[in-house]
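Shared chain: chain A. Partners: chain B in the first complex, chain C in the second.
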Partner chain A sequence: MTARISEKRPWTFYVLGTLFGVYLLFLYGPMFVIYVLSFQGPNGGVTFPMVGTSVVWFKEVFQPGQMADIPVSFSRSIALATVVSCLTVIISVAAGLGFRRRFPGSAVLFYLAVASLVMPSLLVGFGIGLGFQFLGWQPSLFTSALGAQLTWTLPFGLFAMFAVVNRFNRAWEEAATDLGASPWQRLRYVTIPILLPGIIGVAMGAFTLSYDEYARTTLTIGPKNTLPLEIYALISSATSPTLFAIGTLTTGVSFLAIFIALLLVLRMQRRRALIKAA
Partner chain B sequence: MDNRFDVELISVTKRYGTTLAVDAISLRIPRGTYCCLLGPSGCGKTTTLRMIAGHEAVSDGDILIHGENVSDLPPIKRGTAMMFQSYALFPHMSCLDNVAFSLKMRGVAKKERHGRAREYLALVHMADYADRLPGQLSGGQQQRIALARALINRPRVLLLDEPLSALDPFLRVKVREELKRLQRELGITFIHVTHSQDEAMALADLMVVMQDGHIRQSAPPREVFERPISPFIARFIGSHNVLRAPHGQIAVRADRCRLGVANDGPHVNGQVIAVEYQGAMVRVAMKTDAGDEVSALVPDQTFYRQPAEPGDLATLVWSEQDTHALMQV
Partner chain C sequence: MAGGDAVKGMSDGASAAGVKCLVTRRRSTRMPPWLVSWFQVGPLALILTVLFALPTTLFLVVSFYDYDRVGIYPAFLLDNYRELLTTPATWRVYVSSLRFALIVWAITLFLGFNVAYFLIFHIRNSITRTIFFLLCAIPFWTSGIIRTIAWIPFLGRNGAFNQMLMALGVTSHPLDFLLFSDFAVIVTYVHLFTLLMIGPIANSLSKIDPALLEAARDAGASRWHTMTNVVIPLSKTGITLGSILVFTQVMGDYFVVRQMSGGQSASIVSMLSTEIQAMQYPPASANAMVLVIFVAILVGVMMKVVDVRKELVK
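Right, the complex of A and B next:
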């Protein structure tokens, strides 16, 4: 009888498994601590032990304090992220479709467009801030900060759209033309619907990138802070469990966003299933 | 207006930069013809089809459909419809919406366009699949949907780009019967691009063999098979031996050759290199003493009366009346 291949797992499996476990602990442990500590009692501090439990720090978040105004900066962040996300989708979808065809200078244009991904983000922000000062313009949320964030989200969006467009069969567009669709109808009824899952991905990605962007925004924002800047100011000036409460809330918001996205996808699938069943 | 022809190509040329994909080809396709464009890959057959469809601009020359010059018209104004190689069904629409797509683009009301689409689904025996998505169908079913979608505009010419290549061999034979039946029933011209000579011979009224951007021969399949004009055609359509003769090259059909003994008649000596059993026939491949590869298609009974094996020395014989002189093109 010949030796059979062992059915037992090799020792490397247990080594790598342990490593992965440690990694998970390292990743989620601190976050878990933050969620727990955000329910610290009114007399407790930023470390264990817990001195009772309360939601007083959550209330604190919603009260405009002397140090920071979390609700206002949150709504600013959401507004900016929404605009960034829309612009990123429009521009990167158009560019992704355009780049399917090689044109003179397309390689140069591509490298120019994505170069800002490798530029140190702080320097990009610094340059834009300096430029505004040089021109005597007032930096603000929807001018300099918007531009600075787009230097980050547009190359990302372009890359993502390349991956999406790569799987797009050109024959679909030709078939639409063959069947009498105008260029606009082709885009409206064929190209966009087929690319839609990818487009939603780009929109959500750009939204998240903008929502927690710090380095580029900090030097271009002007007098009114976005949420990450506000939190950073809070950390450097005072430490209280309020910070943890913000952490718990933003995580909650993220989960809510994911939940809503999932619901939408499920609804789309159910509609397709209905088409099937009908 | 001369309307004896459905499609006329008048020295149609396609250049990509400096390379010539299609070199001044001319072709007339009579009314209601099943026309096959046949050739090896890169011969320009698909480019020609796409120019007729209007998905590729013509560099030079003119394309006439029903006597009207359509060279500069968009696809929908040409009266052509194209069925794409991968069918290109819209994956996010039901089969019904796929078939009704062109009516929707023209602004036909939902009720009417769905009614018409159902008629065409019935024509291709797919009425029960109206509400499915293309991804839920087999290759053969997708092909029928694509056909219905192309036909709903009542095209004067249907263009098919390798329509059978995505199907398995059994289905291919079945579907090609259906294509031919449909073409007869509709009475319109089909132009069908393929690289398979079997397919072309089975389907075509007019077989157009292309090579390097030129039309090398265009004739009914039987004529092409019996009188291939050049060594290329003879080799490409298969079952032919191209042999050297005192006055140039000749072709003789492999099924008119046999293994025998050298006598006064034409013959060539060589060595058997392969024997393939094909059912009714046995193909014996030989390498001649001059180094050419030839073959004989021998009825199985004849072969097994005097079998040969690879390595045997043999003589290929045929009769003079079966030879056919070739032109150098």
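Right, the complex of A and C next:
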């Protein structure tokens, strides 16, 4: 390993590195436009040129406006995303463990999950909305919208768990059993701690998917909007830099959250290294 | 290295034997393993059945219904399908969506594969790698809608990109084709969906033992040969999964075409949503069924080429 590090980098490293840099520029280019334009002056619009600078649009975000109530829809989105994320973790981790054995119907369930993942999003919402209409139920945040989002986050969680579980050596579980652990102890003290980084990944992924979900939710949400739906309503009515302020805030909060998560992971790794060393 | 592998192989063999003996030991007192699996996958199966399979069946049924301005009526009519498939607009939209999907697929595959390869094989420090991955992922926490419309001030007549080009002296007057065009749609799709390619491919690549690449090099393979004969075959599961995701996302797009093409193109789903808003559920359902079948065939072909299930579920 040490020999390889001192080795000279091949030319492909520089080519691919440049490509990666260009990709990041491409990824962040329009984002930077958002960040800049969110400080647009009070008389400015959603495009260049800038007419002065201000934080008016950030204030707007936190005020319930006439067109949209961003704080309330934001808290709805967070609540829904949290529930979706928890359910996705529990259900897809269990299913990921279940899929380690062949069982009757495993192929059917696998392809059902694939189908649910690739189904055009709006159609899922359409189907569920139609179902609620037939049953005479009122669609709402924690019934139809939650269900519609699960049809997207669960297959995602399952596929992520496949990747996680594939790297899991079952010998560890057997060792636990041989040492007298009950199935529950085995799950609690062996399986879950080892799978934890993957599980956190599933939770974060599901949260993101739910928080940003538009097409599945729009026909199943009922009268109370989530944040993406509120944003969509804002776009179709009057465009203002408020949207960009939301984008800037989201990115800021994301960076903060990731920074904290990174610190936690680093601490976890260090603790593991200590345990290994001991 | 070889010694380590042999030990690993032995322990794998031993664990397989261990599983077998555990299974036989428990059969008398505990429930059979397949039943345990059923309990574990039960919630998933239930939710997917109730919230996905049933609603899909429902609009399959409704697609044969009759309708007028007031409501929908149970019937078995093929009119909805006949009308849909004989309208030239339908075919135009499908062709245009498929063209977008192919172009976007090619670009995201190229970008996604190379970025994933760079991150997995060229970045040796795992923390740097994690940070780079996060840099790729962070924009995805901002609403896709906002990320889409962010291209408007970027690509517009007075936008950042035109300003930059003019400052660099590349062009003397702002380029108009950048925004509200097919170009804008493709750029936005690539921006939104490349991560869907990077994720699965990076996952596949990370399972490749770097020693294999060294072995290929030692055996005299050129970079290109190592790529085509070792790396690409071993990452085909990730490539397929990423391709499926990108294809279906583009085919199911609702927002981007509507917002970025400036009315020059339509997407299948935005056509469908117009029907839904007009409460014309039976034709909307027929439209939905055709799209579902189309996507199913596409995905089926891709999964036929690479048996994703065999690779994922060991």
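By definition in this document, the second predicted complex is superposed on the first by the 244 of 278 C-alpha atoms of A that agree within 3 Å, B and C clash if a C-alpha of one lies under 4 Å from a C-alpha of the other, contacts with A are read in each partner's own complex, and residues count from 1 in each chain.
Following the convention adopted for this analysis, a residue touches a chain if its C-beta (ideal position, glycine included) is under 8 Å from a C-beta of that chain, and two chains touch if they have at least 3 such contacts.
All figures in this text were calculated on a predicted structure; none of them were measured in a lab.
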Just checking: does A:Q185 make contact with chain B only, chain C only, both, or neither of them? Give me first, second, both or neither. first
Classify the contacts of A:E174 with the two partner chains as first (chain B alone), second (chain C alone), both, or neither. both
Contacts of A:C86 with chain B and chain C, given as first, second, both or neither: neither
Chosen between chain B and chain C, the partner touching more chain A residues is C
Quick check for you: in the superposed arrangement, does A:P193 touch first (chain B), second (chain C), both or neither? first
Quick check for you: in the superposed arrangement, does A:R100 touch first (chain B), second (chain C), both or neither? second
In the overlay, answer first, second, both or neither for which of chain B and chain C A:T12 touches. second
Name the residues of chain A shared by its contacts with chain B and its contacts with chain C. 169, 171, 174, 177
Using the touch definition from the top, list the residues of chain A that touch chain C in their complex. 4-5, 9-10, 12-13, 16-17, 19-20, 23-24, 26-31, 33-34, 37, 46-49, 90-92, 94-95, 97-107, 109-124, 126-128, 130-131, 134, 147-148, 150-151, 154-155, 158-159, 162-163, 166, 169-171, 174, 177, 208, 211-212, 214-215, 219, 227-228, 231-232, 235, 239, 243-244, 246-247, 250-251, 253-255, 258, 262, 265-266
Taking the touch rule as given, give the residues of chain B at its contact with chain A in the complex, in rising order. 53-55, 74-76, 80-82, 84-86, 88-92, 94, 101-102, 104-106, 131-133, 136, 149-150, 153
In their shared complex, at which residues does chain C touch chain A? 11, 14-15, 18-19, 22, 33-34, 36-41, 43-45, 47-56, 58-59, 62, 111, 114-115, 117-119, 122, 124, 127, 130-132, 134-136, 138-147, 149-154, 156, 158-161, 163, 190-191, 194, 203, 207, 223, 241, 244-245, 248, 251-252, 254-255, 259, 268-269, 272-273, 276, 281, 284-285, 288, 291-292, 295-296, 299, 303, 308-309, 312-314
What part of chain A is in contact with chain B in the complex they form? 169, 171-172, 174-182, 185, 189-190, 193-194, 196, 272, 275-278
